[in-house]
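Look at the two complexes coming up: chain A is in both, with chain B in one and chain C in the other.
Up next is the complex of A and B:
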């Protein structure tokens, strides 16, 4: 318990350091946050325009899609802000050899990278996600009970953890390839785009991939079905839908395992 | 068991061969050739607690690689290595709590933070108690004359100032072992002397084991009793500074006018510049001088060790692979 408290204490010290540094450049912070809000809002308008033109997407209503959209954007905004150290790991730590410095300190590398930067500017995407999610919840007229509220919270935490794990995977890959990591963006940013729509509209292989390999559906679509209180066109049961967010935590554990395996391949830089 | 124990240490890197130019880069995407580089080859040595050891070798010899393995940053390709009874890369967290490392080329401090805040973060990272921190940091601040620098962000420090701060930062947790990788690189004479006397003091008074790499032979002569010499990843020498000094001497003679040396004397002459001749003599130096002064009229004369750089450079050249 003591160790956890100590680790958390250090995390907050490091993170608050980074926040203070960002607030030194106030204008830049404000502008990038607004920028984030505007770009993601344009995406949201795109989804709305689609529905405005075609009415609905199969049996899916705009508000249901908006719910998924808001959920995944909120969750991803948190992950991006929290996992920034892993996002920039290849460029700023491996390529430069700065990772040496973290390895020389008697603390977990995960803890140090987590504390490296808490990126405030992601508040733009978060705000936009919250607005869309709130609108969706109001319009959907969901039959709320304690279980559903808990499931929503459980799902959101799981989602943050899921995307965090993707950033850890991306960081670990840079032990082998410092530059060719664009492919990971198809999973992070691509994942956000994918999860904005109901999993049921995709092809089977694609659905399986995003359920069993990269459990994106488990932190968005499946629990959302239960919250909506509708039948899943894919035929999953209530128990599966309620427990599926667990996959996010398992995915995170796998990412940690991969990280500690990859660290042995770190080669540092000359002198 | 010695404090630092290294046996048959091996490190190989796989380096992608890149062809020059844009076309070469494009070809490298499709078909890349790798070349194996042997950074360390069967390196063995051991260091006892309290030793102050110099580690020298030309650029790319494997010095930094060794230090990085000893400090738990790199995993070797083969061989054994234990520091304080721990395998550095397997017990990294436990291991690095007891060592201090300074890389002359790169700071361990937070670039944007004032020096004192970096120290305080390190206090939390190393879990140093407030009482210990105050005592140690006060002492370091006094010895390294850091008080005027404490509120300055690290990026605004001069190189000499930064190195002093880095040195202090590496000692906040009172490590038993200090690894210094080129600690005097780029420093001016004053800063170099300050650095040396501090390291010496730390070693003498605290008994801190020090392993330092350098290109500056004056560092070695001023500080180290023992010396490891490496080139092409192979240890060439493990001995004292005295071992580097052969019995050869440079005898510098200013003659009255340009001398007509006898064939025998001319064979000792290494450099001639008008009336000045530098001889290289092994053993029997007094006899040689007596002989010279008896045969020629000598204006002035000086005997000295050949510069240690020359001996070292000679050793490097001999080790060409």
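Up next is the complex of A and C:
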């Protein structure tokens, strides 16, 4: 217990240092955040334009898609802010050999990288996600109860954990391929893009991939169906929908396992 | 052409060719980029399939015209002026720009040559595999209904090539505005940070421009960014018929001229107030 408290204490000290450092460049922070807000809002604008043109997406209404969209953007904003150390790992730690310094310190590499940077500027995406999600919740007229509120919170936390795991996977791959792998963007940013629309509209092989291999649907589409209170066109049951966010934690455990496996293959580039 | 202007022309050409070769070195990055864009293309196609399946009304574009838009959009993504050449940005930040000013070359033309290569090389690396994949490979692996159609006619295809050349010029000119803006350090960086949000929408890469609401169409028509994607893509698919294509390409060059003048004047103003960083 002491060790956990100590690690958490250290994490918060690292994170607050990082926040203070970023606030030294206040104007830059403000501009970058606005930039993030504009860039991500554009996507929302695109979704709106398509619904304006086509009316609806099969049986899906704009508000339901907006709910999925807002949910995944809020969640991803948190992961991006928290997992920044892993996001830049290949470029700033492996390529430069700086990872050696982390290995020499008497603390876990996970803790050190997690505390490397808490990226404040992601507030732009978060704000945009919150606006869209709030609008969706107001328009959707959901029959709320305590269970649904808990499920929404549970889904969001699981979502953050899920995307965090993707960033750990991406960092681990850089032990083998030093150049940061743009291909992982298909799973991070591409995952956000994918989860903005209901999983049911995609082809079967694509849905299976994002349910069983990369459990993206489990932290967005399936719990959302239960919150909407509608029948899933894919035919899943209520129990599965309620429990599916757990897949995010399993995925995180797999990412950690992969990380400690990958570390054994680390060879320093430093001299 | 006299001897001096001829040798200057050679200098700019050499700059462009050298940069081009440098960018071509990053083949692994281009390969990864290709995979990413392919994935993105698939998502977009599936979303549009779902939208088109749900509608009975006649839309301003057919599904096949949208397919052209999606695959050409993925192939020509690197052409879009949403980012800056990191080396030019670094020169401005560190003060290396003084060396550029010392050269007996016009700074605008010098940077323009570099920027042209910066835009063209990655595009070339990505466009070819994307076209091959979207046209030949997709039908082979069972996605023939998602494959890139051929140009509407031979004339459309030819005019598409002319239009893409204009797109390259236009994008380079706009990237130059972004480079010059960096001289106003903080506000320039702020301006550039907005571009990844603004440029793709107005070029048509988020949603094909004809699919935006009708009341927005006049605003979307009279702006330079549509010449960076929408115009060549619609010429290819025949959505812009051959007889209108000449006018559209002329419009691309008109906007090119406007933006070059803008960038040039900005640079002249910037030079009078340039603060060189570093000692």
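Please note the rule applied: the second predicted complex is superposed on the first by the 269 of 271 C-alpha atoms of A that agree within 3 Å, B and C clash if a C-alpha of one lies under 4 Å from a C-alpha of the other, contacts with A are read in each partner's own complex, and residues count from 1 in each chain.
Heads up, the rule we're going with is that contacts are C-beta pairs under 8 Å (C-beta built on N, C-alpha and C of every residue); 3 or more make two chains touch, one makes a residue touch a chain.
Quick caveat, the model's predicted, so the values are computed rather than measured.
**Q** Look at where chain B and chain C land on chain A after superposing the complexes, then choose clash or fit.
**A** fit
**Q** Looking at A:254, would you say it contacts chain B, chain C, both, or neither? Reply first, second, both or neither.
**A** Touch status of A:254: no partner.
**Q** Name the contact category of A:153: first (chain B only), second (chain C only), both, or neither.
**A** Neither partner.
**Q** First (chain B), second (chain C), both or neither: which does A:268 touch?
**A** first
**Q** After lining up the shared chain so the two structures overlap, which partner does A:138 touch, if you call chain B first and chain C second: first, second, both or neither?
**A** In the superposition, A:138 touches no partner, neither chain B nor chain C.
**Q** Calculate the angle at chain A, using C-alpha centres, between the directions toward chain B and chain C; round to the nearest 10 degrees.
**A** 90
**Q** Let me test your reading of the model: by the given contact rule, A:190 touches which partner, first (chain B), second (chain C), both or neither?
**A** Touch status of A:190: second partner only.
**Q** Which holds for A:17: it touches chain B only (first), chain C only (second), both, or neither?
**A** In the superposed model, A:17 contacts chain B only, not chain C.
**Q** According to the contact criterion defined above, which of chain B and chain C contacts more residues of chain A?
**A** C
**Q** In the superposition described above, what is the shortest C-alpha distance between chain B and chain C in Å? Please give a whole number.
**A** 5
**Q** Can you list the chain A residues touching chain C in their complex?
**A** Answer in residue numbers: 27-28, 31-32, 34-35, 38-43, 45-46, 49-50, 52-58, 179, 181-183, 185-186, 190, 193-194, 197, 201-203, 206.
**Q** Any idea which chain C residues touch chain A in the complex?
**A** Of all residues in chain C, those touching chain A are 28-29, 32-33, 35-36, 39-40, 42-43, 46-47, 50-55, 57, 59-60, 186, 189-190, 193-194, 196-198, 200-201, 206-207, 211-213.
**Q** Under the definition above, what is the set of chain B residues touching chain A in their complex?
**A** Going through chain B, the ones touching chain A are 13, 59-60, 63-64, 68, 71-75, 89, 92-94, 96-97, 101, 103, 105-106, 108, 110, 112-113, 117, 121, 124-127, 181-182.
**Q** If we count contacts the way the header does, which residues on chain A are in touch with chain B in the complex?
**A** 6, 9-10, 13-14, 17, 21, 97-98, 100-101, 103-108, 264, 266-268, 270-271
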